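Sharing a structure here in structure tokens format.
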Amino acid sequence: MENLVSQGFELAIFGMGTVFVFLTLLILVTHGMSLLVQKYEPELPKTAAQTATQKVDRHLLAVITAAISEHRSKRD
Amino acid sequence: MENLVSQGFELAIFGMGTVFVFLTLLILVTHGMSLLVQKYEPELPKTAAQTATQKVDRHLLAVITAAISEHRSKRD
Amino acid sequence: MENLVSQGFELAIFGMGTVFVFLTLLILVTHGMSLLVQKYEPELPKTAAQTATQKVDRHLLAVITAAISEHRSKRD
Amino acid sequence: MSQLVALWHSTGIYQISIPQAVMIFIGLFLLYLAVAKRFEPLLLIPIGFGGILSNIPGVDIAVGDGILAQFAGMGLDTGIFPLLVFMGIGAMTDFGPLLANPRTMLLGAAAQIGIFSTLLGALFMTQIGVFDFSLAQAAAIGIIGGADGPTAIYVSGVLAPELLGAIAVAAYSYMALVPLIQPPIMRALTTEEERRIRMRLPREVHQTEKILFPLVLLILVALIVPGAAPLLGMFCFGNLMKECRVVARLSDTAQNALINIATIFLGLSVGSKLIADEFLVGETLGILALGVVAFAIGTATGVLMAKLLNMFSERKINPLIGAAGVSAVPMAARVANKVGIESDPDNFLIMHAMGPNVAGVIGSTIAAGVLIQFAS
Amino acid sequence: MSQLVALWHSTGIYQISIPQAVMIFIGLFLLYLAVAKRFEPLLLIPIGFGGILSNIPGVDIAVGDGILAQFAGMGLDTGIFPLLVFMGIGAMTDFGPLLANPRTMLLGAAAQIGIFSTLLGALFMTQIGVFDFSLAQAAAIGIIGGADGPTAIYVSGVLAPELLGAIAVAAYSYMALVPLIQPPIMRALTTEEERRIRMRLPREVHQTEKILFPLVLLILVALIVPGAAPLLGMFCFGNLMKECRVVARLSDTAQNALINIATIFLGLSVGSKLIADEFLVGETLGILALGVVAFAIGTATGVLMAKLLNMFSERKINPLIGAAGVSAVPMAARVANKVGIESDPDNFLIMHAMGPNVAGVIGSTIAAGVLIQFAS
Amino acid sequence: MSQLVALWHSTGIYQISIPQAVMIFIGLFLLYLAVAKRFEPLLLIPIGFGGILSNIPGVDIAVGDGILAQFAGMGLDTGIFPLLVFMGIGAMTDFGPLLANPRTMLLGAAAQIGIFSTLLGALFMTQIGVFDFSLAQAAAIGIIGGADGPTAIYVSGVLAPELLGAIAVAAYSYMALVPLIQPPIMRALTTEEERRIRMRLPREVHQTEKILFPLVLLILVALIVPGAAPLLGMFCFGNLMKECRVVARLSDTAQNALINIATIFLGLSVGSKLIADEFLVGETLGILALGVVAFAIGTATGVLMAKLLNMFSERKINPLIGAAGVSAVPMAARVANKVGIESDPDNFLIMHAMGPNVAGVIGSTIAAGVLIQFAS
């Protein structure tokens, strides 16, 4: 039984250690990756398709919203 | 063989009996449940989200329908 | 080994033969089927539902497109 | 040369048997009914196509490791596909009309007499030596009268898997034939005056009632007929997801992607049971004959129960809606409406008929539960 | 007469045991929490309903060939359902806030102390004889502190399937209770001044960074904690499908039809573990008690880690976002925002809190990987 | 201390082998091709990601009870996933252009010569001792020339599962490379004048023809090449659901949720076959080399068949559309259009090329049927 708690203690130490080591490494690697990306792709490129879609969507939304509110104001 | 038909007869009697007993009980219980609900929730509450959605949908439908028919009348 | 290549050769001959025989038969049967259909259904019937949907869709598209471009021209 | 012979022997023309050819024609006929006549196409197209695939000679499709055999093993023999379809139907069902007028549940009860009469008919024909059905088989045949596809498939999967193909085909065909089978019976059993009865507008139903009803139903099933719990449980689960309005994405998936996927697999799996050896047997004719009787009796008893209720109540029920108690949702309710309009063009019965219509679903799952508990 | 007795013996009223009735009430209570209180309804509705079905007497639903037993065998015992749900969550996760401020990952790490403290707590209570948990069971209980449903289910499926029902119920209940559990702890551990700290607007993140991140994460997992690779792999796969933008149809299905189907099946399968004999045991109380401790400790350590980081850095972090490190996406981030607004109505922390929030997901899968590797 | 060693031994850094590292790079390279170069991303993203997961050391993902091994066992070894994908493709295919000009089916037939030449090539290389392929393996390699992903996966699953990974990667890579592989061959085998041939507008096609075609095709397959019935049957089933227009909800699900789910699982399952031990063998190089030859020969024979047909007919065919006979729908048809526009900017061949393009799908499933019947 004593043994079980000490096993658990070991597991907790190693576990938290692994979590912290892992996430610290992840911070470093992610940071490096971001630097590389920002160096070689200085602009913020959005895929053409996406931008187009967003634009249409926003327009469409605006149009429909306008139409609805116009309709409402007429109705009321 | 005789036996099979009599078995079937028994099954039919018990089966229909169960169906009727069950649905009769269900009528009673449902009725009681409805009375309780109507007593404690006298108004007919609709969730806000639902009402809003329905309103928008109905408006949107009206707007689009109007736009389409206007468009058609212009075109013809 | 020699045997394997000759087996493969046979398979290739029979395989391509089957492909050609099959697709030739398919041409004939399809042609016959098409003739029969054109004979007994001389017009090009589209299901009512489909035509209606298409009409609405095309109209709707036209309406929305028009609304968007109008909106854009106003905005710019 | 011997290779050419082997090639010839590998063709379907060489290998096909007459029964297989007949079954392929039956499959094509089911597709014709589904496409040209709109006979329950959602199920009959996969069933018919699966039936054709299953009878292609020289290749394992519906047996062994064949794809349809695998589908059937996965979800038909286990009951998973019909239960998922039933869950989806639950998520599409509105118990509102039933809650507004719970008394009409008795119409859904009465229509189940078709199930048990047919069971008796099958056993009687066994006794006089025309057919040779066991009690379990007779029960599975009777359930055709439940006019509920997934229930019929689930029950025959449990009680008589060897008859599943014929029972499924009969069930869906007759559900599609409801507009032909029911009206003459409805007219014969009602007077012009009865068919003109106008019913009061149903009251509005609280959302809370709709949320509680599937739970009430489930608990009652658990207490009275536990054998019906798998079927009714999945149905109620679907309905609760719909009515509770806090899991719209799950309800939406249950009503669309999931039920569609289950329907495709269920139909193909049922098609795999249309193998010539199993389908082209005398029993199939018996099943087809008994199935239509089941529908007819269920229609009649539903109508008669409505007339009986009218003897004891001030608020008259139009007896035409009793015919909707067989289930066949929503076809039977539409038929009740249509026959009603013939007598009074301004009398719309559809909303009133939806109550017994969904009650018929409950009624036949209860009957199914009893049959599974006592006939297996 | 004997048949009437058989009929009576077949009813649930005759067969039901007290524990089954209790479990049915617990199932109804879970449904009540889900519907009326909006407690994680996507999971608690299928779990609660499944729990009711599993305790219906006299019919095999959650055992043998029953439908829920089949679902559990298919996807719960194999880990498939939680992994598919996790893939879908990956496809819905935006790592942008984390990429803009990777330092906040340490908050997600600190919050995992809740997992390991609870593990120790469970073993300590075993030592003093209150409960009797094995190392694997203690680890599975600890993972409740990960505040991540699919991870908790996956881990307990591997380490302690016999506790799965109680652990899943505890995990989802406490995730729903985050708005009650966290704020007092957050307020107790921070000063008014700290709660007013405003953080800099995060920088914009390249799409390329978002595409590369799940791959970087996967490779690092492969090199350091391979045991976490199944969980984090499926998560990263979902995220890559979303961010790469060339498989929109797959990403869309992973976020909708597929995760919804997996959620329905997962919930029902978990429900099948709520059988009275397995759930109504003393251990369940221990699990419920330890679970809330795990949440509380994780919240506290997340907040304290933020304060620690502030000692070494110019760019101050508002320690409230440390509480979001427990995961419970996006509830915990919203709670951080809400508590922040109490002190400064113009200080919106939600975007800043999303970083530690998703870091908490990564942190608990890493912890899960370690536990699976060393506690099984 | 010994625990620290155990921890170190559990890391991937300690356990990884060179071949595993190489395979992870290959997986990343496939992802790069899919994301940055748009190489068939729908399949190559799950395949590439699955390939990475499969080579993570120290954890069972693609073997034993691992999640990818389970997916593969469920749907790849059984053929279910490729058949479901094929059903979905059937539900997206329009046979209209083929029905308007059935003669172009011969182009789809001719392009299959690539399959059988490659089979012979593989056997010849075995004879000269370069490789060691069996007849079944050679047939599975040949099917790469069918330029049809699900068919290639299905056939190699049946004939040579040990080569499945390499064959799938080759098939999808070359399908993506069609715009590079085909044009030089097309230009070399045609004169400028031939490339300028304008074809008559195709006639309009009845919906009834479109409904009947999948049935006609299925019956003919049943009679002539039953071995192709599982593949073509599922394809025709999908197409019938689409064209019959009475099961729109099933067709919609087959084209969306179901094919997407099957694609995700299929890709991950194929990825599970990219385990280093199985993939990094000499045979893979042979498969890659033979695959590109298969594509080249199929392109050439398609073009040449069009020129042959022109010798016997008044209505000239633009021989460029012969190249579309390899399948690779719709890429090859687009390539034919693009090369045509180089010679005459107003000559749009895309509609004409769709006929041989879908005929190529039929042709390669027929070839697949023959191979499965005679090479296994």
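Here the chain labels run A, B, C, D, E and F in written order, and each chain numbers its own residues starting at 1.
The definition used in the following text is that a residue touches a chain if its C-beta (ideal position, glycine included) is under 8 Å from a C-beta of that chain, and two chains touch if they have at least 3 such contacts.
What you see is a predicted model, and the numbers here were worked out from it, not measured in a lab.
The greatest centre-to-centre gap from chain F, using C-alpha centroids, is found for B.
In this entry, A-E is the pair from A-E, A-F or B-E that repeats the interface of B-D, since more than half of their contact pairs coincide by residue number. Chain D and chain E carry the same sequence, and matching their CA atoms takes a turn of 120 degrees, rounded to a multiple of 5. Averaged C-alpha coordinates give centres for chain C and chain E that are 48 Å from one another. Averaging C-alpha coordinates per chain places the centre of chain C 35 Å away from that of chain D. Mean C-alpha position of chain A lies 42 Å from that of chain B. Within chain A, residues 14, 18, 67 each touch two or more of the remaining chains.
Shown for chain D are the residues that touch two or more other chains, namely 221, 224-225, 256-257, 374. Those residues of chain B that touch chain E in the complex are listed here as 10, 14, 18.
Those residues of chain B that touch chain D in the shared complex are 1-2, 4-5, 7-9, 11-12, 14-16, 18-27, 29-31, 33-34, 37-38, 41, 44-47, 50. On chain D, the positions that touch chain F within their shared complex are 6, 10-13, 15-16, 24, 28, 31, 34-35, 38, 41-42, 45-46, 49, 52-53, 56-59, 61, 65-67, 70, 256-257, 260-261, 263-264, 268.
Contact residues on chain D toward chain C in their complex (touch as defined above): 3-4, 7.
Interface of chain D with chain E (complex): residues 78-80, 83, 211, 215, 218-219, 221-227, 229-230, 233-234, 236-237, 240-241, 244, 246-247, 249-250, 252-254, 256-258, 373-374.
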